[in-house]
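Okay, so chain A shows up in both of these, paired with chain B first and chain C after.
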Partner chain A sequence: MTPISLGLITGLALAAVAIAAAFLPGVPVRSILSGVSTAAMSAAGVFTGALAMAGATGKLVVPIALPLGPLTFEPDRLGGLFMLIASGVGVLVSLYGIVSVHGASASRTSWIALAVFMMGMQYVPAAADVLSFLLMWEAMALGSTVLLLAEHASRRRVSSAAVWYSVMSQLSFLFILAGFAVLAAAAGGTTFAELALVSPTSTAGLTAFVLLVIGFGSKSGLVPMHVWLPRAHPEAPSHVSAAMSAAMVKMGVYGILVVCVRFLPGGPAWSGILLLTLGGLSAVYGILQASVSSDLKVLLAYSTTENVGLIWLAIGASVLLGAYGLTATSATSLLAALLLTVSHAAFKTTLFLGAGSVLHATGERDLDHLGGLGRRMPWTAAAFGIGCLGAAALPISSGFVAEWVLLQSLVHGTRLNGAAVSVTVSIGMPLAVAVVALTAGLAVLTFVKSYGIGFLARPRSDAAAGARESHPLVRVVLVVAAAIVVLLGLMPGPLASVLASVVAEDGARRPGIVDTIGMAGVSLPGLGALLDPIALVILAAVVAVPVLAVTIASALRHPQRLGASVWGGGGERTRPRMQYTATSYAEPVVRVFDDVLKPSRDVEVTHAGESRYLVQRVKFSQNLTDVIEHRLYRPVLSAADRLGVRARVIQNGSIHLYLLYSFAAILIVLIVAVL
Partner chain B sequence: MSNSVFSELIGLSAGALLLTSVLTVWHRSQRASIRALAVQGFALAALVAVVAVDRKDVELVPVFLLVLALKGLVLPWVLARRPGVVGTERVRIDIEDESPLLNPVATLVAAALLGMVAYAVTWPLVASSPSAAAHAAPVGVAMVLIGFLVLVTRRRAISQLVGFLALDNGIATVAFLISGGVPILLEFGASLDVLLVTLILQVFSRQMRATFGDTDVGRMRELRD
Partner chain C sequence: MTLATVLVDLVQVLLFAALAPVLIGVTRQVRARLEGRAGAGIWQPWRDIRKLLVKQPVRAPGSSWILRVAPLVLTISSLVLAALLPLVSTVAGRLIPGDLFVVVSVLLIGAVALALVGLDAGTAFGGMGSSRHMTVLALVEPTLLLAIYALSIPSGSSNLAIIVDSRLANPSIIVSPVGLLAMAAFIIAVAAETGRLPVDNPSTHLELTMMHEAMLLESTARDLGWLEFGSWLKLTVLLGLIGNLLIPWGVATTTDPMQVVVGVPAVILKVLVLGGMLSVGEVLLAKVRLFRVPELLAGSFVLAFLAVAVSAMVP
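For the complex of A and B:
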């Protein structure tokens, strides 16, 4: 038995233990045992995934009593990577869950669902045939739906979010199923090895490609299939939203990577353009909605759409460039996609778990009611800050390295040996660069807002003022997650080399794509670019330390006078209400993107007595809606509603009418039989 | 029994069956409909007797008795028996007259059309079999269709029961004409079923009367949602 099959069996066994432990009475016992077992299962997944990623082989065959052949789990290098991501997130999330759950989220059902969810997520990338893939995919969807529904009794929005989520995930499943069916029919088999034989330019191949793009795109939360994301992520318990955002949407990415790299490699240029466009649209739209949202978790959910959009954009660029023979750049784009995936998993886990801690400590998700948490929750604030660095793609974070690689490949991608390869590429790549630049700018604004308004300044509500730092285990989890973000940001070289080998066809490390240089820095010899974050940090320190030293010394020499504000008339005049809020901070963005965001504002002025000039209070409210949801989904939904109402005419409760149906049916059958 | 006598007798009873079927559609009065149904039961029993004599089948004798008792006597009696209970007082309630959804003339035209349809659809059967009984099979199918017509067009619960029983008689007629009846056990079971359904629906219509004051099944719409 190979280590991989051992790891896979251990994982399943631990999942069974976690489910069994969930039946135990008593919330603390249940939470600890089930949570630890789930974490252990994920740890087994980390082990298996890492082995598979390093190139080890091995499989687990589960014979089932169906006329479809056994379930086969045999992770390859790419599968190993995603297994590692899913289970790495799984370890952190399960540990976080042990201490953070309460009420309905700590019920037996929830713990069972968590174990099923995690198991499904880990085994989707391990699957080596369609049936096991879809089975695990459904386990993942089912588990997450149940987890999302857990708190439906306490909040009304939960059930509506669950309806949206389950409808969208079933639609996505439908498209994936159809896509696989088309592929399997063309290939004459359901194992992934057989599916890879279908020609990428055949009608069947292209049909399957489009179907799978819709299916996996919907699971990844791409525009316009993103509507479930900003509903489901905020309403789910925080550790579940972390798992959904950091790991589950990655399964959509895994799906499309498998399609583009393994099943249908070398697709036509337009398939690349399709992915590029979808990704670019999602990136811009996602970050735009995130930048104006003042609900912390909604903001993070939209940011997920943005990040996944960037990943798809990178994959699309890779397909497009590959179609024009730009092999090195294409491979670099693919590497950027993987780096983005890993880095998003790391920082989004940190951010969602951090947001969970804030929610737990204050009961608030609305940034307009937060503030001043930096002093009250230093650990959470530090971890969240590092997560924000990652999400805003600022240096020393993993996000920076990933976007740097992406930009390198896009900027250098238009020319082959100095000659332009095609008009499409010459136009498409600069546009993609512009999209990435716009999203990077808006992302900085978004995360400056979420950190600055949420953690700095003074508390804007009593709840925020009374916040306490979270449980030690939560702090440990947050610190580990944040440390991964920084580690990947400072030492990207080794990871980049491994990732490059993951998607290489022969699995060999090709020195032409990416190298490790200096102090674990990364270099792209094909594009002549290199980045050594540690060296840069040292360089920055060399410059900054003397400046800081001089500043501090001079500050000490001239101590600041305290206690008198210049125009304050001797009194303390600033109040928390005078600070920027999340809404006011994002107001310029709303103004600029007025046409897309369609804000509806309401200013209500109450006058003091009869006076026209004395104002007692001013109430401002702003409502931002998802324009895609309004323009695309609402009409479809209301049409379906109208159709449903009209269809009730044929079922109006009259016995005579029902009898008439049978009568007509009999007559028709008789007459048809004679004819 | 000679062939010609047999076919005469089959024709006679089949004609009686069809005529009574049409009468159940045509009559507005529920009492008259029930009476027509009773006559239909006797005609069906007569058909069974003719078939039994022709086939010299002893097994058909108890079937004949069963049909005679159940369809000729018991079921019409159950339908006609209407001591309603209103409140705690037992009062005799007159059977209301039917106000069908389709007027009598239209109903008769529809019945005629259904008869033609029945003849058309059973044509292959008639053409392939030389037996006089099989030639009368369209009558059974027409009875089924006319019974259904009654079900669809009548408002009162009891009239609908009449339609249901006429439909059932049609099925039995087809069975006897084509294959000399179904095995006795099956016949017995089916009859018991019909009796049970009738009794239940009878109770049910009494409940309806207690709730709504009459037995218009259209009122059942209010029970929806």
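For the complex of A and C:
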């Protein structure tokens, strides 16, 4: 028995233990035992994933009674990477869950669902045939739906979110199933090895490609299939939103990577353009919605759409450049996609768990009611701040390295040996750079807003003023997650080298694409670019010495004076309500992009007594719509409603009518059988 | 990284740190003379900084460490820029080349530090300045990246030192239509990035129109000093970069002492001339309404996009 099959079996056994432990009476016992077992299962997944990524092989075969072939789990290098991501997030999330769950989300059902969800997510990338892939995919969807429903009794919006989520995830499943069916029919088998034999330019290959793009795109939350994300992420318990955003949407990315790298490599240029467009659209639309959102978790959910959009954009660029024979830049884009994936998993876990910590301490998700948490919750604030650096792609975070590699591959993508390759690429790459740049700019605004309004300034509500730091275990989890963001940003070289080998056909390290340089820096020899974050930090430290020396000398002679009133010019102390809020912070963006955001504002003025000039109170409300949802989904939904009303005629509750239907049905069957 | 490279870099950083307040003094003096005032002399910014650094800071209760640390971050980010960009010479350390995207991200760090200072005070003005500043910054980003992308195409590298070198070796790049379009877009982006007219008025005292100044309202003494110094230094190094991109002659391409001795006065001259032109331009220009700024930036984006698309298509 190889270590990988041992790891896979151990994982399944620990999942069974977690499910069994969930039946124990008493919330604390149940939470600790089930949570620890789920974390242990994820740790086994980390072990298996890392081994598979390093190139070890091994498989787990589960015979079944169906006439299909046994379920086979055999992670390859790429699968190993995604297994590692899913289970790494799983470890942090399960530990966080132990202390954060209470009420309905600590029930038996919820703990069972968490174990099933985690198991499904970790075994999707291990699957080596269609049946086991789809089975684990459904386990993942089922577990997450049940978890999302946990708090349906206390909040009204949960059930509507769950309906949206399950409909969208089943639609996505339908397209994936159809795509696999087309591939399997063309290949004559259901194992992944057989599917890889289908020609990428055949009709079957291209049909399957489009179907799978829709299916996996929907799971990734790409525009226009993103509508479930801003509903499901905020309503789920925080550790579940972290797992959904950081790991589950990555399974959509894994799916499309498997399609583009393993099943149908070397697709035509238009397939790359399709992915590039979908990704670019999602990136800009997602971050635009995030930048104007005041609800912390909705903001993070839209930012997930943005980040996954960037990942798809990178994959699309890789396919497009590959189609024009730019192998080095194509491989670099693919590397950028993987770096973005790993980095997003790290910082989004930090951000969602940080938001959960804030929610737990204040009961508020609305940034307009937060403020001043930096002093009250220093650990959460520090971790959330580092997560923001990652999300805004600023140095020295993992997000910066990933976007740097992406931009490098895009700007070097138009020329092969000094000659322009095609007009499509010459137009497409600058547009992609512009999309990435606009996304990066708005991401900086979004995360300055969420950190600055939430954690700086003065508290805007009593709940925020009375906030307390979270449980020590929560702090540990937050610090570990934030440390990963910084570590990957400081020492990207080794990770980049490993990731480049993960997608190479033979698994060998190709020195022409990426190298480790200097102090764990990353260099792209094919493009003549290098980045050594530690050297930059040293440079900053050196130039900081005189600045710090002057400041310290000055601080020793002239200590600060506290107690002056804020903006003392008027003499009167301004109240915290007069501060800028998240809504007002985003107002210029709303105005600039009002064609897309379609804001509707309502100002209600109550006058004092008879006077037209004296105002008693002013009430302001603003509503921003999701244009795509409004224009695309509402008409479909209302059409379905109308159809339902019409259909009521044939289902009027009369038993006689139903008997007539049965009789007619039997008659038709008999007639067809006779003919 | 050889000792000579370190020394040249050190000269460059010290030179620009000393030059930044002088540049501001020159622009203010030129402006004052053009407006018929006597002006305070070109050394006044230096005296202001010295005064601010020895005053007692007054800080509002409830303000956090951001108010203390962010000014330092802004100044350090500007100093890092002074070390990374090819100003006096185009020699660079092997591990820290002046990569375009790294330079942009260092610029962003300084901007974010400033925006957080604006929010930390917890006033309406600070928040307003911060919000406007970040909006403009988000919209500048595509223009800036596309403009530098266009600049990078002729030399095939995103390393600024190599770009300046290749312009020096082949000056026809500078006056080619593509090069001019890219420089025009780049200059508009830099004006927006450093808060100059027509995007922001650096000398305004009318609260409702200001961005940069609104964020500094709560800062005093050394906090204010570092914020001002960091912003001045940022403007100075970016002018130095524009100078070297437009007129690359005079910049040292090796660590040869003779070249460096020529490079220092050359870059001082370029920066001061550009500073003078900047203030003449600012006297003639009016500030654009805040919500017209996106139109200006969209125009500059189109210039940059044309430059990239054309130069990418030319075989």
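What we mean here is this: the second predicted complex is superposed on the first by the 633 of 675 C-alpha atoms of A that agree within 3 Å, B and C clash if a C-alpha of one lies under 4 Å from a C-alpha of the other, contacts with A are read in each partner's own complex, and residues count from 1 in each chain.
Methods note: a contact is a pair of C-beta atoms (placed from the backbone, for glycine too) under 8 Å apart; a residue touches a chain by one contact, two chains touch by 3 or more.
Not measured: the values here are computed from a predicted model.
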First (chain B), second (chain C), both or neither touched by A:652: first
Which of chain B and chain C A:395 touches, first, second, both or neither: second
First (chain B), second (chain C), both or neither touched by A:587: second
Contacts of A:515 with chain B and chain C, given as first, second, both or neither: neither
Partner chain(s) touched by A:423 [first = chain B, second = chain C, both, neither]: second
More chain A residues in contact [chain B versus chain C]: C
Touching partner for A:674 - first (chain B), second (chain C), both, neither: first
Touched partner set for A:448, first chain B, second chain C, both or neither: second
Shared contact residues on chain A - chain B and chain C: none
Chain C-touching residues of chain A, taken from the complex the two chains share: 291, 371-372, 374-375, 392-395, 400, 403-404, 407-408, 411-412, 414-415, 418-420, 423, 425-427, 429-431, 433-434, 436-438, 440-442, 444-445, 448-449, 451-453, 456-458, 517-519, 521, 528-532, 535-536, 539-540, 543-544, 547-548, 550-551, 554-555, 557-567, 574, 576, 578-581, 584-589, 591-592
Residue ranges of chain C in contact with chain A within the complex: 13, 53-62, 64, 66, 72, 75-77, 79-80, 82-84, 93-97, 99, 101-102, 105-106, 108-109, 111-112, 115-116, 119-128, 130-132, 134-135, 137-142, 144-146, 149, 152-153, 156-159, 217-218, 221-222, 226, 290-291, 294, 301, 305, 308-309, 312-315
Chain B residues within the chain A interface of the complex: 101, 117, 120-121, 123-124, 141, 145, 148-149, 151-153, 160, 217-218, 220-221, 223-225
Residues of chain A defined as touching chain B within the complex: 652-656, 659-660, 662-663, 666-667, 670-671, 673-674
